[in-house]
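Below are two complexes that have chain A in common, paired first with chain B and then with chain C.
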Partner chain A sequence: MIQPAKPDLVTVNIDGKEIAVPKGTNVIEAARLVNVDVPHYCYHPKLAVVGNCRMCLIEMGMPAVDPATKAPVIDPATGKQKINWIPRPQIGCGTNVSPGLHIKTTSAMVKEAREGVMEFLLINHPLDCPICDQAGECKLQEQATSYGRGYSRFVEQKNVKPKRTQLGPRVTLDDERCVLCSRCIRFSKDIAGEDVLGFVDRGSYSTLTCHPNRKLDHNYSLNTVDICPVGALTSTDFRFKMRVWFLKQTNTIDTESSVGVNSVAWSREGALYRITPRRNDEVNDTWMADSGRLLYKQVAAEDRLKSAESLDALVAKAAELFKTSAGSIALVGSGRSSVEEQFLTKKLATALKASVALVSRTAAGDKLLISADRNPNVRGALVTGLISALPSARLAQLAADIDAGKIKTVVSVGEDLIAAGLTAAQLAKVSVVYLGTHANPTSIASKVVLPTLTVFEKNGTFVNQQFRIQKFAKAVPGLSGAQDDLVILSKLVQAAGGHETASEVNALWPAIAAEVPVLGTILYRNLPETGLLLDRSAWAGLPFVEGETLHYKPAQPAATATA
Partner chain B sequence: MAVIQVERKPLTFAERTYIPQIIGGLKTTLKHFFAPTVTLQYPEERPEIPKGYRGVPTLVKDPHGREKCVSCQLCEFVCPPKAIRITPGEIPAESSSVHVEKGPQAFDIDMLRCIYCGLCQEVCPEEAIFLQNQFSMSGYTRAEMVNNKARLYELGGTLPDQHFKWDKKKAAEEHGNAH
Partner chain C sequence: MSAPAQRRIIFQHIDEPGYTNDIACYLKHGGYEVLKKAVTRKPEELIDEVKKSGLRGRGGAGFPCGVKWGLVDRKSGKPIYLIVNADESEPGTFKDRYIMYQDPHQLIEGTMISCFANNVKQAYIYIRGEMAEGARILEKAIAEARAANFVGPNVLGTGYSCEIYVHRGAGAYICGEETGLIESLEGKRANPRIKPPYFPAVLGLYQCPTIVNNVETLCHVKYIVEHGGEAYTKVGTPNNTGTRIFCVSGHVQRPGYYEFEAGKITMGQLLYDVCGGPLPGRTFKAVIPGGSSAKVMKFGERYKGKRKIGADMVDYDWGVEDVPMDFDCLAMVGTMGGSGGVIVMDDTVNMVEALANINAFYSHESCGQCTPCREGSLWMKKITTRMVHGEARPEDAALLKSVADQIPGRTICAFGEACSWPTQSFIAKFGDEFKTYHETKKTVVEKTRELV
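And now, the complex of A and B:
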């Protein structure tokens, strides 16, 4: 029976199951809601529908009505309204739901249609899965197991197309594997706004290629690799590095800007191999910038800081500095630290009675997934109360205080003070305690260096530009000779005479929730993977630097970037 | 419980002399003087290995000398004791088999872990890994017991190829098609 539809909801019948779905949903998405998989190649939920792969063929029908009276026609055999089935299969991606629509996804006709499509797709496919990087996450492979015939009836010679083409600096194309779904073309044109890809030639000679004298070199080119349902477009960086089935996936957050792109870090035995985007319809859809995907290389970088000394010995050295320069200590926090680290940084500042400054990093945003604020977590510092005003790019106040002799010790949480406007001479006047991951001029000039972990080696949360708190998880074990930031900070807090605090994310959160009003009801382990929007009303008046990006509109016209 | 008393038969005279038993034993010994030998002077003499024997896993080359392994890592995946470790890599452009694109940079089989199950041979889509006749592996250190790529090819040698599929691919690539 067809249920009366709620407003804006349409009731459809998929394989005998009734479901109410929003108007405008297509059959693939509606079927997904009842856990029915409609195989497809060209359809992508975030791209325009073209319907050229023909894999999502389904059988559809509408309830019969008398043409003259519009009265329902009742099937005498069942006593129910008769369904007029369309005698030919229809594409699921291009068919939007309508009231009373009936869909069959498992009928003999549908199965035969899918097998036919698969056979045609495999005619010219090189079948080189053993050397193909897509193997293991290839739609063609997956659907060949369901709808392939297992052997080929094709006795003619297969088409030969260009192989190992460098489409751009990061993307390699194998045209023989391409199934001409055009996802990459639509992505480049509609999402990235760089219309560089297209098909040339006709029929089975159709070939994906770059427009003459152009290259697929925009900062979103690797998304074409993600959405390629087969192994035609592959990442040059990941090429032949590791089979995907060996890799462990860990949810993480892109740290290159305040957009907070949701991503997945793929690792095996403590080594990272690649970063891919993770779908979050409120933040990044399914996309991610190429620049953020290279950040995993910082984990195994040559210039990682590590220490042969024990942490306690290092903390004792810092404690000595705290004692001798009590009352003249400054603290430089970081917009790259996690919320938990900023919470402990604030504790440290309170214990040391130190002033706190943050360093802002701004550059032009790209209006898509890189915002003007290149710190991932400036809003976390606002939320935790580490700072109350937006940071500036240069530490002018600190520089003046050092010149005036008011400051004897500077604690820097991962910020290169020289890059932030302090001169080497000013740095020489003070003792620096540096917590950081990589060597830089400040770490070299520091009295005490406490090596910390990168975002891939620890747990935590960031607050993005929408005031959405999002968590990231530890993908690989921490570098030997470096310590978790939270462990170091909690020891420093104690060394500075503060109260003992937890040094692990889950144990620390009850304290954070108790002390930070906006985070009052949150616990780390309860945070959904897609993040949680915080109440941002307290900071609505601040002149944030971000301009418009995907799923983000600034509350007021962006202040011209101060950088 | 009932107890059954069994009467032990007394030995006959012949039995008491032990002579028939000694002669019987010598007869068996004498028979083996003239019967064909069943033992081998190992290690100088080696047994004949039956067909389908699963010895030490080895890598083989095709008759044209191309290394058949393309480092798809299926053997590494299927290996129950995780004895296989492969580092995949790209075949350099100057190589004659550049059209194969991918080959192992390193290929290690830890013979201390290998259980000679033959799953690697069964799963190999390129027919590159075979458990051949070599059955004895020994060494003084653990490191010696890990067969690296060079050793695996040395043990494997060349086996006949039924398909030459990569040669056909290369020919098609060079020939192109009417278009």
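And now, the complex of A and C:
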């Protein structure tokens, strides 16, 4: 592995505390490292610095040197080098550390500057927190508590601006709440590559809007809602649904593609309300596609599979099929299953002496956070040994085997076999055991249907395109009438004559670690929230389908790498 | 002591009967001779002349021109741009307009000399949007100069090439702030940039090193290269070299523009001797000496202190009338020479109403990027507007001051100062008028009240 170069460190002094920070760090980030909060609105760690809100003003000084000799000037009172304090406050976001930089964040000058900015931000603000969705996660509200006067000196008419503007299909704008920080504009233009937002009019009448004949309708539009520090931009889907402080946050992973975007599922009393991105500087920074945020709706979808029969009764039916078709069973695994599920799927295949196929799912990537591989965990199937070659989109071999009369029973782990290229006639020739979450032509044609759980209802891990293993956790209880995939799979393994296995993620991991070489030292509960890179050398030669996305460059194909 | 004579070096031909703005007339008066000589000299020599001259920028801040040119990043390998700031929008200022309308070739010659000195291959004249006629005049003048080989490829056969383009603004005061101007020139909203890192000398137009100079400044460069930097220092006073053009407006008998050696004329000489004093039966009340953002001076107040003359520190005790008109003296008395716009107010003016007018301007022109300027300028405007519309409160004076104090030094660009200094100085000097305005007989007529 290539070690990243050690960053050049410079020592700075923040409120009397000395700290060494990498060159190029700004004062806001440096202060964070010593747990000093520098309030800010326009600054965002992943966006260009524009310095417009002026909330981050700090007092700054540099060690004094004699202009002629460049020798340090010593303060006789302290015996230390004198500090020349700049008489005007400076912005923390736009000030990068330099050796010996001194910062005060609590001085009278800073306090006064912050209070001034805070007052200015509030004079034309509608102060409608009681009916605002951002309440509870609003920077304006938080900082008003710390730096606000508590009363208003403003007796004039407030500015009137447009309310409830639909900027696009998913984002609603209230211009009166906007603090004109331009984060949304910068995000849309610089990150999403869609220059659709801008200000019209001037001064305090400046108003955020879409450019003429444009809409905020790109697939990253909801990130503007995430980064809007106030309640100006809200998610049309989430608006007025729930107070954020009632919601429980659970870390999860976006299953849209092999990027493995880190996200948070927000739930209350067993119901999901929204999905937002979770920062991972190696994977998705602080962003997430809109499409991935809608996936929570699958959980309460009408067409969820559930069964009134007990799991044991269903497993007994499957066992019967296993017995009668022994030796002519095929198994279709899934790139959407977790590593743990794939581990047990492999055990099932071994116990059944079944062939294993996986269904690939590809579409053009968006170069940002959706890759060409729309399965979240094909690499998990490689790592667990469920497959050794990359899957294809159509189950051609299985179709041929069915036509040749070699297969009597097909076990499908969540894959719609019709969508994967089998015909209804072919399905009619075999018995299907289907594990899945939602109804589809295959579940309808199946002899045995074992309802399973969505990603939000269970624990597990996925291995993303970088071979980073990342865990997701159960946000809401599983649907009644459905069972955890691991419980079903472990029962099926036993029904197929295999050894008893654990059926819960933590309990299963010692076995996974013991049997899967590259996962050797890992335990589920020790996995960091931002994941762990695995040794991918064993699969270096495979022609993975992904092109470049944020924080991912495909390995050079062997032929051009030597050129 | 009566006023010295005008010293017209920039305005030499302004309003001269028979003088026209075409190249033939300019050439007849010795035009482009300085450029012809300049291109035979080494560029560094020309920069040295400007440094020696002590020329200070005429756009408002009075920053030494030679120092500015010295800060340009010449190692980056990127092209260096020169921008002529012809956005002249500061209320009370009307000097650049005369140069462009009546003597455009003087500006073009100064610009070409400056470009040659700084190895600039492309220059832009950013002209205020409202001056459509001025833009046409400049376009025509550039075409004439190009045809005569003073501008364009292979200037005067030297192998040096440089183009000048005219760009019209869209009519916003903030486009005069140099980094806002650069954004506007790049086709964006004129939001001024944060400095650091976007110092024009390093990361200016298209992220390349850029020189931004005022129209008048570049005309002085022509004069300096013609007569030498050393000779220029003999005009004006030390550290305030050359001439200054004063644009006098308001309540004097003879408003207009007057060019004098810097520091050689006092405010009193200018207003009484040159401009004929107050209108009949009136007395001077206040004067803003350097464009509407400069702090106001109150007739009757005294300025005392020590100042350096030669090697000595000398006491001074001045009234408004005694203050020499140069950058340093005006700064000493707490205001600034700025753009040279001298706005005179007599005893008929109510200061609350005057400030309401100024506040209306600045709140309308704030770009709106940074919070203190954006919100503060409009808040001050709303207060003074409310006052002149009949709902003044005694406590408004203190509130206005407090709002104004929360702005300067905390913004992206100097507009923060520009919009708060009027309020700060009006309240400091005419506070009583604000405190008692609710019981004052209003002088503002209904029709003009609509403006604020």
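The rule is simple: the second predicted complex is superposed on the first by the 549 of 563 C-alpha atoms of A that agree within 3 Å, B and C clash if a C-alpha of one lies under 4 Å from a C-alpha of the other, contacts with A are read in each partner's own complex, and residues count from 1 in each chain.
Quick note on the criterion: a residue touches a chain if its C-beta (ideal position, glycine included) is under 8 Å from a C-beta of that chain, and two chains touch if they have at least 3 such contacts.
What you are looking at is a predicted structure, and each value in this text was computed from that prediction instead of being measured.
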Quiz item: Putting chain B and chain C onto chain A via the overlay, clash or fit?
Solution: fit
Exercise. Figure out whether A:L435 sits in contact with chain B (first) or chain C (second), or with both, or with neither.
Key: neither
Quiz item: Between chain B (first) and chain C (second), which does A:C178 come into contact with in this model arrangement: first, second, both, or neither?
Solution: neither
Exercise. Using the touch definition from the top, say if A:Q157 reaches chain B (first), chain C (second), both or neither.
Key: both
Quiz item: So which one touches more of the residues on chain A, chain B or chain C?
Solution: C
Practice problem: Considering only touches as defined above, state whether A:G116 meets chain B (first), chain C (second), both or neither. | Solution: second
Quiz item: Quick one: angle from chain B through chain A to chain C, Cα centres, nearest 10°?
Solution: 90
Quiz item: Does chain B (first) or chain C (second) touch A:L348, or do both, or does neither?
Solution: neither
Quiz item: Between chain B (first) and chain C (second), which, if any, makes contact with A:Y205: first, second, both or neither?
Solution: both
Exercise. Could you look at A:L489 and tell me whether it touches chain B, chain C, both or neither (first, second, both, neither)?
Key: neither
Quiz item: After superposition on the shared chain, which partner residues are touched by A:V476: those of chain B (first), chain C (second), both, or neither?
Solution: neither
Quiz item: Across all Cα pairs of chain B and chain C, what is the smallest distance in the superposition, given in whole Å?
Solution: 9
Quiz item: Do any residues of chain A touch both chain B and chain C, and if so, which are they?
Solution: 157, 159, 201, 205
Quiz item: Which part of chain C faces chain A closely enough to touch in the complex?
Solution: 172, 189, 191, 194, 196-197, 363-372, 374-379, 382-383, 386, 399, 402, 406-407, 409-412
Practice problem: Enumerate the contact residues on chain B facing chain A in the complex. | Solution: 70-74, 76-77, 88-90, 99-102, 125-126, 169, 172-173, 175-177, 179
Quiz prompt | Residue ranges of chain A touching chain B (in the complex, touch as defined) | solution = 126, 129-131, 135, 157-160, 163-164, 201, 205, 239-243, 245-246
Self-check item: Interface residues, chain A side, partner chain C - complex
Solution: 49-55, 57, 88-89, 91, 94, 112-113, 116-117, 119-121, 123-124, 153-154, 156-157, 159, 179-180, 182, 198-199, 201-206
